[in-house]
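Here is the structure we will look at, set down as C-alpha coordinates.
To keep things simple, chains are lettered A, B, C and D as they appear, and every chain counts its residues starting from 1.
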Amino acid sequence: MSTDSERDPDTDAEPTIAEEACFEAGIKFGTLYHQFAGTPVSPDSAASLERAMEASIENQPHCSDVTVDVRTDELEAELADSAADYTELTGRFLEVEIVVDYEGAEVVTRMAMEDGYPLMRVESIRKRNPEA
Amino acid sequence: MSTDSERDPDTDAEPTIAEEACFEAGIKFGTLYHQFAGTPVSPDSAASLERAMEASIENQPHCSDVTVDVRTDELEAELADSAADYTELTGRFLEVEIVVDYEGAEVVTRMAMEDGYPLMRVESIRKRNPEA
Amino acid sequence: MSTDSERDPDTDAEPTIAEEACFEAGIKFGTLYHQFAGTPVSPDSAASLERAMEASIENQPHCSDVTVDVRTDELEAELADSAADYTELTGRFLEVEIVVDYEGAEVVTRMAMEDGYPLMRVESIRKRNPEA
Amino acid sequence: MSTDSERDPDTDAEPTIAEEACFEAGIKFGTLYHQFAGTPVSPDSAASLERAMEASIENQPHCSDVTVDVRTDELEAELADSAADYTELTGRFLEVEIVVDYEGAEVVTRMAMEDGYPLMRVESIRKRNPEA
(Lines give C-alpha, C1' and ligand atoms only; values in the text may rest on other atoms or scores of the structure.)
Protein backbone atom coordinates (compact mmCIF):
# COMPACT_ATOMS: atom_id res chain seq x y z
CA MET A 1 0.00 0.00 0.00
CA SER A 2 1.11 3.60 0.42
CA THR A 3 4.86 3.81 0.79
CA ASP A 4 4.78 6.81 3.08
CA SER A 5 3.46 4.66 5.87
CA GLU A 6 6.74 2.74 6.24
CA ARG A 7 8.05 3.19 9.74
CA ASP A 8 10.77 5.81 10.12
CA PRO A 9 12.97 4.73 13.05
CA ASP A 10 13.75 8.35 13.94
CA THR A 11 10.17 9.45 14.40
CA ASP A 12 7.93 6.38 14.55
CA ALA A 13 7.49 4.11 17.52
CA GLU A 14 6.05 0.66 17.94
CA PRO A 15 2.94 0.75 20.11
CA THR A 16 3.14 0.20 23.86
CA ILE A 17 0.98 -2.46 25.50
CA ALA A 18 -1.39 0.25 26.74
CA GLU A 19 -1.70 1.73 23.24
CA GLU A 20 -2.47 -1.71 21.81
CA ALA A 21 -5.04 -2.23 24.57
CA CYS A 22 -6.74 1.03 23.55
CA PHE A 23 -6.73 -0.06 19.89
CA GLU A 24 -8.41 -3.33 20.93
CA ALA A 25 -11.05 -1.44 22.91
CA GLY A 26 -11.78 0.78 19.93
CA ILE A 27 -12.28 -2.27 17.71
CA LYS A 28 -14.90 -3.59 20.14
CA PHE A 29 -16.77 -0.25 20.12
CA GLY A 30 -16.79 0.03 16.33
CA THR A 31 -17.95 -3.58 16.09
CA LEU A 32 -20.75 -3.18 18.61
CA TYR A 33 -22.05 0.02 17.06
CA HIS A 34 -21.93 -0.92 13.40
CA GLN A 35 -22.99 -4.54 13.81
CA PHE A 36 -26.17 -3.57 15.63
CA ALA A 37 -27.06 -0.04 14.45
CA GLY A 38 -30.20 -0.32 12.35
CA THR A 39 -31.66 -3.28 14.26
CA PRO A 40 -35.44 -2.97 14.69
CA VAL A 41 -35.98 -2.27 18.40
CA SER A 42 -38.92 -1.58 20.70
CA PRO A 43 -39.25 -1.27 24.47
CA ASP A 44 -40.31 -4.94 24.53
CA SER A 45 -37.38 -6.27 22.51
CA ALA A 46 -34.70 -4.04 24.06
CA ALA A 47 -33.69 -6.44 26.83
CA SER A 48 -32.98 -9.36 24.49
CA LEU A 49 -30.94 -7.09 22.26
CA GLU A 50 -28.88 -5.84 25.23
CA ARG A 51 -28.03 -9.43 26.21
CA ALA A 52 -27.10 -10.44 22.65
CA MET A 53 -24.89 -7.38 22.15
CA GLU A 54 -23.05 -8.03 25.41
CA ALA A 55 -22.55 -11.75 24.77
CA SER A 56 -21.46 -11.34 21.15
CA ILE A 57 -18.85 -8.66 21.85
CA GLU A 58 -17.53 -10.53 24.90
CA ASN A 59 -16.55 -13.26 22.43
CA GLN A 60 -13.91 -10.98 20.94
CA PRO A 61 -10.30 -11.36 22.10
CA HIS A 62 -9.21 -9.53 25.30
CA CYS A 63 -12.77 -8.32 25.99
CA SER A 64 -13.46 -8.91 29.65
CA ASP A 65 -16.79 -7.16 30.16
CA VAL A 66 -19.49 -5.45 28.11
CA THR A 67 -22.52 -3.67 29.59
CA VAL A 68 -25.20 -2.43 27.20
CA ASP A 69 -28.09 -0.30 28.30
CA VAL A 70 -30.79 0.41 25.71
CA ARG A 71 -32.40 3.62 26.96
CA THR A 72 -36.04 2.56 26.88
CA ASP A 73 -37.11 6.00 28.18
CA GLU A 74 -35.67 7.55 25.02
CA LEU A 75 -37.23 4.82 22.88
CA GLU A 76 -40.63 5.42 24.47
CA ALA A 77 -40.35 9.19 24.00
CA GLU A 78 -39.55 8.77 20.32
CA LEU A 79 -42.33 6.24 19.74
CA ALA A 80 -44.88 8.42 21.55
CA ASP A 81 -44.49 10.98 18.75
CA SER A 82 -44.74 8.35 16.04
CA ALA A 83 -47.25 6.12 14.29
CA ALA A 84 -44.82 3.19 14.59
CA ASP A 85 -44.27 0.89 17.55
CA TYR A 86 -40.60 0.24 16.87
CA THR A 87 -37.61 2.14 15.52
CA GLU A 88 -34.01 1.47 14.46
CA LEU A 89 -31.25 1.18 17.02
CA THR A 90 -28.90 4.13 16.93
CA GLY A 91 -26.51 5.93 19.26
CA ARG A 92 -28.99 8.08 21.14
CA PHE A 93 -30.66 4.93 22.51
CA LEU A 94 -27.43 3.41 23.83
CA GLU A 95 -25.17 3.58 26.86
CA VAL A 96 -22.29 1.14 26.72
CA GLU A 97 -19.28 0.27 28.84
CA ILE A 98 -16.57 -2.03 27.48
CA VAL A 99 -13.60 -3.28 29.51
CA VAL A 100 -10.59 -4.72 27.69
CA ASP A 101 -7.83 -6.60 29.44
CA TYR A 102 -4.78 -6.87 27.21
CA GLU A 103 -1.46 -8.24 28.49
CA GLY A 104 -1.81 -6.58 31.86
CA ALA A 105 -3.36 -3.30 30.76
CA GLU A 106 -7.04 -2.86 31.66
CA VAL A 107 -8.85 -0.22 29.65
CA VAL A 108 -12.32 1.04 30.61
CA THR A 109 -14.21 2.69 27.74
CA ARG A 110 -17.67 4.25 27.50
CA MET A 111 -20.21 5.51 25.03
CA ALA A 112 -22.90 8.00 25.99
CA MET A 113 -24.63 11.01 24.49
CA GLU A 114 -22.78 14.29 24.79
CA ASP A 115 -24.03 17.52 23.16
CA GLY A 116 -26.38 15.49 20.99
CA TYR A 117 -23.76 13.00 19.76
CA PRO A 118 -22.90 9.49 20.88
CA LEU A 119 -19.35 9.95 22.14
CA MET A 120 -16.99 7.01 22.67
CA ARG A 121 -14.05 7.60 24.97
CA VAL A 122 -11.35 5.98 27.08
CA GLU A 123 -12.27 6.44 30.72
CA SER A 124 -9.17 5.02 32.38
CA ILE A 125 -6.19 2.73 31.98
CA ARG A 126 -4.93 0.50 34.76
CA LYS A 127 -1.45 -0.88 34.10
CA ARG A 128 -0.99 -3.96 36.24
CA ASN A 129 1.89 -4.99 34.02
CA PRO A 130 4.78 -2.56 34.67
CA GLU A 131 5.80 -2.87 31.01
CA ALA A 132 2.41 -1.64 29.82
CA MET B 1 -35.65 7.11 -11.90
CA SER B 2 -35.61 4.95 -15.02
CA THR B 3 -38.58 5.74 -17.23
CA ASP B 4 -38.91 2.21 -18.57
CA SER B 5 -40.31 1.11 -15.24
CA GLU B 6 -43.55 3.03 -15.71
CA ARG B 7 -46.47 0.63 -15.54
CA ASP B 8 -47.88 -0.41 -18.92
CA PRO B 9 -51.60 -1.14 -18.42
CA ASP B 10 -51.58 -3.79 -21.14
CA THR B 11 -48.87 -5.95 -19.60
CA ASP B 12 -48.29 -4.87 -16.01
CA ALA B 13 -50.45 -5.72 -13.03
CA GLU B 14 -50.70 -4.28 -9.56
CA PRO B 15 -49.69 -6.85 -6.96
CA THR B 16 -52.24 -9.14 -5.32
CA ILE B 17 -52.45 -9.31 -1.54
CA ALA B 18 -50.61 -12.64 -1.60
CA GLU B 19 -47.82 -11.16 -3.73
CA GLU B 20 -47.47 -8.24 -1.34
CA ALA B 21 -47.40 -10.70 1.56
CA CYS B 22 -44.51 -12.53 -0.11
CA PHE B 23 -42.68 -9.24 -0.66
CA GLU B 24 -43.08 -8.46 3.05
CA ALA B 25 -41.73 -11.88 4.00
CA GLY B 26 -38.71 -11.36 1.76
CA ILE B 27 -37.97 -8.03 3.44
CA LYS B 28 -37.90 -9.75 6.82
CA PHE B 29 -35.46 -12.41 5.56
CA GLY B 30 -33.10 -9.90 3.98
CA THR B 31 -33.23 -7.83 7.16
CA LEU B 32 -32.54 -10.75 9.47
CA TYR B 33 -29.65 -12.06 7.40
CA HIS B 34 -27.83 -8.81 6.68
CA GLN B 35 -28.44 -7.17 10.05
CA PHE B 36 -26.88 -10.06 11.93
CA ALA B 37 -24.41 -11.71 9.51
CA GLY B 38 -20.92 -11.03 10.81
CA THR B 39 -21.92 -10.99 14.49
CA PRO B 40 -19.28 -12.68 16.68
CA VAL B 41 -20.90 -15.93 17.86
CA SER B 42 -19.89 -18.93 19.96
CA PRO B 43 -21.80 -21.92 21.31
CA ASP B 44 -22.21 -20.00 24.59
CA SER B 45 -23.58 -16.80 23.03
CA ALA B 46 -25.78 -18.46 20.41
CA ALA B 47 -28.94 -18.63 22.52
CA SER B 48 -28.97 -14.91 23.34
CA LEU B 49 -28.43 -14.09 19.68
CA GLU B 50 -31.33 -16.35 18.63
CA ARG B 51 -33.67 -14.54 21.04
CA ALA B 52 -32.55 -11.06 19.92
CA MET B 53 -32.91 -11.95 16.24
CA GLU B 54 -36.41 -13.29 16.78
CA ALA B 55 -37.59 -10.35 18.89
CA SER B 56 -36.10 -7.68 16.64
CA ILE B 57 -37.59 -9.05 13.41
CA GLU B 58 -40.97 -9.64 15.07
CA ASN B 59 -41.09 -5.85 15.54
CA GLN B 60 -41.42 -5.39 11.78
CA PRO B 61 -44.90 -4.85 10.32
CA HIS B 62 -47.03 -7.94 9.53
CA CYS B 63 -44.44 -10.29 11.04
CA SER B 64 -46.33 -12.76 13.23
CA ASP B 65 -43.62 -15.27 14.14
CA VAL B 66 -39.86 -15.73 13.80
CA THR B 67 -37.96 -18.85 14.87
CA VAL B 68 -34.17 -18.75 14.72
CA ASP B 69 -32.02 -21.77 15.32
CA VAL B 70 -28.26 -21.21 15.49
CA ARG B 71 -26.81 -24.61 14.64
CA THR B 72 -24.42 -25.05 17.53
CA ASP B 73 -23.33 -28.46 16.18
CA GLU B 74 -22.00 -26.72 13.07
CA LEU B 75 -20.44 -23.97 15.18
CA GLU B 76 -18.69 -26.54 17.36
CA ALA B 77 -17.46 -28.48 14.34
CA GLU B 78 -15.95 -25.34 12.83
CA LEU B 79 -14.36 -24.23 16.09
CA ALA B 80 -12.89 -27.69 16.72
CA ASP B 81 -10.69 -27.17 13.63
CA SER B 82 -9.70 -23.67 14.67
CA ALA B 83 -7.51 -21.80 17.13
CA ALA B 84 -10.39 -19.41 17.87
CA ASP B 85 -13.29 -19.92 20.26
CA TYR B 86 -15.81 -17.86 18.26
CA THR B 87 -16.58 -17.15 14.64
CA GLU B 88 -18.80 -14.84 12.57
CA LEU B 89 -22.47 -15.63 12.07
CA THR B 90 -23.23 -16.68 8.52
CA GLY B 91 -25.82 -18.71 6.65
CA ARG B 92 -24.44 -22.17 7.28
CA PHE B 93 -25.02 -21.70 11.02
CA LEU B 94 -28.67 -20.68 10.66
CA GLU B 95 -32.09 -22.25 10.29
CA VAL B 96 -34.91 -19.72 10.26
CA GLU B 97 -38.67 -19.76 9.85
CA ILE B 98 -40.57 -16.50 9.38
CA VAL B 99 -44.37 -16.22 9.23
CA VAL B 100 -45.95 -13.09 7.79
CA ASP B 101 -49.64 -12.31 8.11
CA TYR B 102 -50.63 -9.58 5.67
CA GLU B 103 -54.26 -8.61 5.12
CA GLY B 104 -55.52 -12.16 5.38
CA ALA B 105 -52.67 -13.90 3.56
CA GLU B 106 -50.36 -15.96 5.77
CA VAL B 107 -47.00 -16.75 4.25
CA VAL B 108 -44.62 -19.32 5.77
CA THR B 109 -40.99 -18.90 4.69
CA ARG B 110 -37.81 -20.80 5.56
CA MET B 111 -34.07 -20.59 5.28
CA ALA B 112 -31.88 -23.69 5.45
CA MET B 113 -28.76 -25.04 3.81
CA GLU B 114 -29.28 -26.76 0.46
CA ASP B 115 -26.36 -27.98 -1.68
CA GLY B 116 -23.98 -25.89 0.38
CA TYR B 117 -25.93 -22.62 0.14
CA PRO B 118 -28.35 -20.98 2.53
CA LEU B 119 -31.58 -21.05 0.53
CA MET B 120 -34.55 -18.86 1.42
CA ARG B 121 -37.92 -19.95 0.07
CA VAL B 122 -41.67 -19.59 0.40
CA GLU B 123 -43.03 -22.76 1.95
CA SER B 124 -46.76 -22.10 1.70
CA ILE B 125 -49.44 -19.43 1.41
CA ARG B 126 -52.75 -19.63 3.26
CA LYS B 127 -55.33 -17.20 1.91
CA ARG B 128 -57.93 -16.66 4.58
CA ASN B 129 -59.05 -13.51 2.82
CA PRO B 130 -60.80 -14.59 -0.42
CA GLU B 131 -59.48 -11.46 -2.13
CA ALA B 132 -55.87 -12.44 -1.44
CA MET C 1 -39.42 -26.29 13.56
CA SER C 2 -42.97 -25.53 14.66
CA THR C 3 -45.33 -28.26 13.51
CA ASP C 4 -48.27 -25.93 12.96
CA SER C 5 -46.54 -24.59 9.88
CA GLU C 6 -46.93 -27.89 7.99
CA ARG C 7 -48.83 -27.29 4.79
CA ASP C 8 -52.51 -28.20 4.91
CA PRO C 9 -53.53 -29.25 1.39
CA ASP C 10 -57.07 -27.97 1.90
CA THR C 11 -56.10 -24.39 2.73
CA ASP C 12 -52.44 -23.86 1.87
CA ALA C 13 -51.02 -23.30 -1.59
CA GLU C 14 -47.55 -23.50 -3.01
CA PRO C 15 -46.38 -20.08 -4.21
CA THR C 16 -46.89 -18.99 -7.80
CA ILE C 17 -43.93 -17.76 -9.82
CA ALA C 18 -45.10 -14.17 -9.33
CA GLU C 19 -45.32 -14.67 -5.56
CA GLU C 20 -41.81 -16.13 -5.50
CA ALA C 21 -40.61 -13.18 -7.59
CA CYS C 22 -42.06 -10.79 -4.98
CA PHE C 23 -40.37 -12.75 -2.19
CA GLU C 24 -37.05 -12.42 -4.04
CA ALA C 25 -37.57 -8.66 -4.47
CA GLY C 26 -38.28 -8.30 -0.76
CA ILE C 27 -35.04 -10.12 0.10
CA LYS C 28 -33.08 -7.61 -1.99
CA PHE C 29 -34.74 -4.66 -0.22
CA GLY C 30 -34.12 -6.03 3.26
CA THR C 31 -30.52 -6.78 2.28
CA LEU C 32 -29.85 -3.35 0.83
CA TYR C 33 -31.37 -1.51 3.78
CA HIS C 34 -29.86 -3.48 6.64
CA GLN C 35 -26.46 -4.05 5.08
CA PHE C 36 -25.89 -0.35 4.55
CA ALA C 37 -27.98 1.45 7.20
CA GLY C 38 -25.57 3.02 9.67
CA THR C 39 -22.80 3.66 7.12
CA PRO C 40 -21.08 7.01 7.71
CA VAL C 41 -22.17 9.23 4.80
CA SER C 42 -21.63 12.84 3.69
CA PRO C 43 -22.54 14.74 0.52
CA ASP C 44 -19.01 13.99 -0.77
CA SER C 45 -19.11 10.26 -0.14
CA ALA C 46 -22.71 9.70 -1.24
CA ALA C 47 -21.97 8.94 -4.89
CA SER C 48 -19.47 6.16 -4.13
CA LEU C 49 -21.93 4.61 -1.69
CA GLU C 50 -24.74 4.69 -4.29
CA ARG C 51 -22.54 2.83 -6.78
CA ALA C 52 -21.43 0.21 -4.24
CA MET C 53 -25.00 -0.42 -3.07
CA GLU C 54 -26.22 -0.89 -6.62
CA ALA C 55 -23.36 -3.18 -7.68
CA SER C 56 -23.47 -5.32 -4.53
CA ILE C 57 -27.22 -5.97 -4.65
CA GLU C 58 -27.13 -6.64 -8.40
CA ASN C 59 -24.91 -9.62 -7.53
CA GLN C 60 -27.87 -11.32 -5.88
CA PRO C 61 -29.81 -13.95 -7.86
CA HIS C 62 -32.59 -12.74 -10.20
CA CYS C 63 -31.76 -9.07 -9.55
CA SER C 64 -31.72 -7.31 -12.91
CA ASP C 65 -31.43 -3.66 -11.91
CA VAL C 66 -30.86 -1.55 -8.79
CA THR C 67 -30.95 2.27 -8.73
CA VAL C 68 -29.95 4.01 -5.50
CA ASP C 69 -30.32 7.71 -4.98
CA VAL C 70 -28.83 9.14 -1.79
CA ARG C 71 -30.80 12.36 -1.26
CA THR C 72 -27.93 14.80 -0.81
CA ASP C 73 -30.41 17.66 -0.34
CA GLU C 74 -31.73 15.94 2.76
CA LEU C 75 -28.19 15.14 3.92
CA GLU C 76 -27.16 18.77 3.51
CA ALA C 77 -30.26 20.01 5.34
CA GLU C 78 -29.52 17.71 8.29
CA LEU C 79 -25.83 18.62 8.42
CA ALA C 80 -26.60 22.36 8.23
CA ASP C 81 -28.26 22.04 11.66
CA SER C 82 -25.40 20.02 13.08
CA ALA C 83 -21.82 20.35 14.31
CA ALA C 84 -20.86 17.24 12.34
CA ASP C 85 -19.98 16.95 8.66
CA TYR C 86 -21.30 13.43 8.18
CA THR C 87 -24.17 11.33 9.50
CA GLU C 88 -25.39 7.71 9.37
CA LEU C 89 -27.23 6.39 6.36
CA THR C 90 -30.90 5.74 7.08
CA GLY C 91 -34.16 5.54 5.19
CA ARG C 92 -34.95 9.24 4.94
CA PHE C 93 -31.80 9.75 2.84
CA LEU C 94 -32.66 7.00 0.34
CA GLU C 95 -34.71 6.48 -2.80
CA VAL C 96 -34.31 3.03 -4.30
CA GLU C 97 -35.74 1.08 -7.22
CA ILE C 98 -35.07 -2.65 -7.52
CA VAL C 99 -36.16 -4.79 -10.48
CA VAL C 100 -36.25 -8.56 -10.12
CA ASP C 101 -36.66 -10.91 -13.05
CA TYR C 102 -37.62 -14.38 -11.85
CA GLU C 103 -38.63 -17.13 -14.27
CA GLY C 104 -40.51 -14.79 -16.54
CA ALA C 105 -42.06 -12.54 -13.90
CA GLU C 106 -40.60 -9.03 -13.70
CA VAL C 107 -41.26 -7.22 -10.44
CA VAL C 108 -40.58 -3.50 -10.02
CA THR C 109 -40.23 -2.38 -6.39
CA ARG C 110 -39.52 1.00 -4.78
CA MET C 111 -38.60 2.60 -1.52
CA ALA C 112 -39.33 6.24 -0.78
CA MET C 113 -40.47 8.35 2.14
CA GLU C 114 -44.20 8.44 2.77
CA ASP C 115 -45.74 10.20 5.80
CA GLY C 116 -42.32 10.33 7.43
CA TYR C 117 -41.48 6.64 6.97
CA PRO C 118 -39.38 4.84 4.38
CA LEU C 119 -42.01 2.71 2.64
CA MET C 120 -41.05 -0.27 0.47
CA ARG C 121 -43.66 -1.46 -2.00
CA VAL C 122 -44.30 -3.51 -5.12
CA GLU C 123 -44.96 -1.11 -7.97
CA SER C 124 -45.92 -3.56 -10.72
CA ILE C 125 -45.61 -7.13 -11.94
CA ARG C 126 -45.15 -8.01 -15.60
CA LYS C 127 -45.80 -11.68 -16.32
CA ARG C 128 -44.07 -12.56 -19.56
CA ASN C 129 -44.30 -16.21 -18.67
CA PRO C 130 -48.00 -17.20 -18.92
CA GLU C 131 -47.48 -19.65 -16.03
CA ALA C 132 -46.37 -16.86 -13.69
CA MET D 1 -23.06 1.46 35.32
CA SER D 2 -20.83 -0.93 37.27
CA THR D 3 -19.27 0.85 40.19
CA ASP D 4 -16.04 -1.13 40.09
CA SER D 5 -15.04 0.79 37.00
CA GLU D 6 -14.67 4.08 38.89
CA ARG D 7 -11.16 5.41 38.44
CA ASP D 8 -8.80 4.72 41.33
CA PRO D 9 -6.28 7.59 41.41
CA ASP D 10 -3.55 5.31 42.79
CA THR D 11 -3.68 2.80 39.96
CA ASP D 12 -5.68 4.23 37.09
CA ALA D 13 -4.47 6.79 34.59
CA GLU D 14 -6.23 9.01 32.13
CA PRO D 15 -5.27 8.10 28.59
CA THR D 16 -2.40 9.82 26.79
CA ILE D 17 -2.99 11.43 23.40
CA ALA D 18 -1.30 8.46 21.72
CA GLU D 19 -3.55 6.02 23.58
CA GLU D 20 -6.63 7.97 22.54
CA ALA D 21 -5.35 8.00 18.96
CA CYS D 22 -5.08 4.19 19.07
CA PHE D 23 -8.63 3.94 20.47
CA GLU D 24 -9.87 6.10 17.56
CA ALA D 25 -8.05 3.89 15.05
CA GLY D 26 -9.62 0.79 16.56
CA ILE D 27 -13.10 2.32 16.25
CA LYS D 28 -12.51 2.87 12.53
CA PHE D 29 -11.43 -0.76 12.05
CA GLY D 30 -14.39 -2.20 13.91
CA THR D 31 -16.70 0.09 11.95
CA LEU D 32 -15.24 -0.81 8.57
CA TYR D 33 -15.31 -4.53 9.24
CA HIS D 34 -18.75 -4.87 10.79
CA GLN D 35 -20.50 -2.32 8.58
CA PHE D 36 -19.44 -4.09 5.41
CA ALA D 37 -18.93 -7.78 6.35
CA GLY D 38 -21.70 -9.76 4.69
CA THR D 39 -22.00 -7.47 1.64
CA PRO D 40 -22.58 -9.45 -1.57
CA VAL D 41 -19.34 -9.11 -3.57
CA SER D 42 -17.94 -10.40 -6.86
CA PRO D 43 -14.78 -9.62 -8.83
CA ASP D 44 -16.85 -7.14 -10.88
CA SER D 45 -18.32 -5.26 -7.92
CA ALA D 46 -15.18 -5.27 -5.76
CA ALA D 47 -13.79 -1.94 -6.99
CA SER D 48 -16.95 0.04 -6.22
CA LEU D 49 -17.08 -1.51 -2.75
CA GLU D 50 -13.44 -0.57 -2.09
CA ARG D 51 -14.14 3.06 -2.98
CA ALA D 52 -17.31 3.23 -0.85
CA MET D 53 -15.58 1.66 2.17
CA GLU D 54 -12.70 4.11 1.93
CA ALA D 55 -14.89 7.19 1.48
CA SER D 56 -17.36 6.26 4.21
CA ILE D 57 -14.72 5.56 6.89
CA GLU D 58 -12.75 8.70 5.94
CA ASN D 59 -15.85 10.62 7.06
CA GLN D 60 -15.19 9.60 10.64
CA PRO D 61 -13.40 12.04 12.96
CA HIS D 62 -9.58 12.09 12.90
CA CYS D 63 -9.42 9.59 10.03
CA SER D 64 -6.90 10.91 7.52
CA ASP D 65 -6.57 7.99 5.10
CA VAL D 66 -8.18 4.61 4.39
CA THR D 67 -6.94 2.16 1.75
CA VAL D 68 -9.08 -0.92 1.09
CA ASP D 69 -7.96 -3.72 -1.17
CA VAL D 70 -10.51 -6.44 -1.91
CA ARG D 71 -8.38 -9.44 -2.84
CA THR D 72 -9.99 -10.40 -6.12
CA ASP D 73 -7.53 -13.31 -6.54
CA GLU D 74 -8.97 -14.86 -3.38
CA LEU D 75 -12.53 -14.07 -4.50
CA GLU D 76 -11.90 -15.73 -7.85
CA ALA D 77 -10.32 -18.78 -6.23
CA GLU D 78 -13.35 -19.22 -3.95
CA LEU D 79 -15.86 -18.73 -6.76
CA ALA D 80 -14.03 -21.17 -9.04
CA ASP D 81 -14.95 -23.94 -6.59
CA SER D 82 -18.54 -22.79 -6.33
CA ALA D 83 -21.80 -22.75 -8.27
CA ALA D 84 -22.32 -19.09 -7.32
CA ASP D 85 -20.84 -16.01 -8.99
CA TYR D 86 -20.68 -13.89 -5.85
CA THR D 87 -20.00 -14.40 -2.16
CA GLU D 88 -20.18 -12.43 1.12
CA LEU D 89 -17.42 -10.02 2.07
CA THR D 90 -15.37 -11.30 4.97
CA GLY D 91 -11.88 -10.85 6.39
CA ARG D 92 -10.00 -13.22 4.13
CA PHE D 93 -10.89 -11.05 1.12
CA LEU D 94 -9.63 -7.81 2.69
CA GLU D 95 -6.41 -5.89 3.14
CA VAL D 96 -6.89 -2.53 4.82
CA GLU D 97 -4.71 0.33 6.01
CA ILE D 98 -6.18 3.08 8.16
CA VAL D 99 -4.28 6.19 9.26
CA VAL D 100 -5.62 8.27 12.15
CA ASP D 101 -4.30 11.70 12.99
CA TYR D 102 -5.41 12.72 16.47
CA GLU D 103 -4.07 15.86 18.17
CA GLY D 104 -0.59 15.42 16.80
CA ALA D 105 -0.32 11.64 17.07
CA GLU D 106 -0.42 9.77 13.77
CA VAL D 107 -1.30 6.09 14.05
CA VAL D 108 -0.90 3.67 11.14
CA THR D 109 -2.98 0.49 11.47
CA ARG D 110 -3.40 -2.54 9.21
CA MET D 111 -5.55 -5.59 8.70
CA ALA D 112 -4.29 -8.63 6.81
CA MET D 113 -4.55 -12.40 7.05
CA GLU D 114 -2.14 -14.08 9.45
CA ASP D 115 -2.26 -17.83 10.20
CA GLY D 116 -5.71 -18.00 8.65
CA TYR D 117 -7.20 -15.09 10.62
CA PRO D 118 -7.75 -11.46 9.71
CA LEU D 119 -5.47 -9.69 12.17
CA MET D 120 -5.83 -5.98 12.94
CA ARG D 121 -2.79 -4.28 14.45
CA VAL D 122 -1.08 -0.99 15.17
CA GLU D 123 1.86 -0.66 12.81
CA SER D 124 3.43 2.53 14.12
CA ILE D 125 2.82 5.73 16.06
CA ARG D 126 4.39 9.05 15.07
CA LYS D 127 4.15 11.66 17.81
CA ARG D 128 4.54 15.05 16.23
CA ASN D 129 3.03 16.61 19.31
CA PRO D 130 5.59 16.24 22.13
CA GLU D 131 2.74 15.88 24.62
CA ALA D 132 1.37 12.83 22.81
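Quick note on the criterion: a contact is a pair of C-beta atoms (placed from the backbone, for glycine too) under 8 Å apart; a residue touches a chain by one contact, two chains touch by 3 or more.
If you're wondering where the values come from, they're calculated on a predicted model, not measured in any experiment.
Peer 1: What chains do chain A and chain D have as common neighbours?
Peer 2: Touching chain A and chain D alike, sorted by label: B, C.
Peer 1: Go through C-D and A-C and name the pair with more C-beta contacts between its chains.
Peer 2: Taking the two pairs in turn, the one with more contacts turns out to be C-D.
Peer 1: Taking shared residue numbers divided by all residue numbers at the interface, is the value for chain B and chain C over half (same) or under half (different)?
Peer 2: Mostly the same residues.
Peer 1: Using the average of all C-alpha atoms in each chain as its centre, how far is it in Å between chain A and chain C?
Peer 2: Roughly 29 Å separates the two chain centres.
Peer 1: Chain B to chain C: how many Å between their CA centres?
Peer 2: Comparing mean C-alpha positions, chain C is 15 Å from chain B.
Peer 1: Would you mind listing the residues of chain D that make contact with two or more other chains?
Peer 2: 31, 33-35, 38
Peer 1: Give the list of chain B residues in touch with chain A in this complex.
Peer 2: Against chain A, chain B makes touches at 31, 35-36, 38-42, 44-45, 48-49, 51-60, 85-86.
Peer 1: Would you pull the chain D residues touching chain B in the complex into a rising list?
Peer 2: 33-34, 37-38, 82-84, 88, 90, 115-117
Peer 1: Going by the contact rule set out above, which residues of chain B touch chain C in the complex?
Peer 2: Per the touch definition, chain B meets chain C at residues 1-2, 5, 7-8, 11-16, 18-20, 22-35, 65, 67, 69, 95, 97, 99, 107-110, 120-128.
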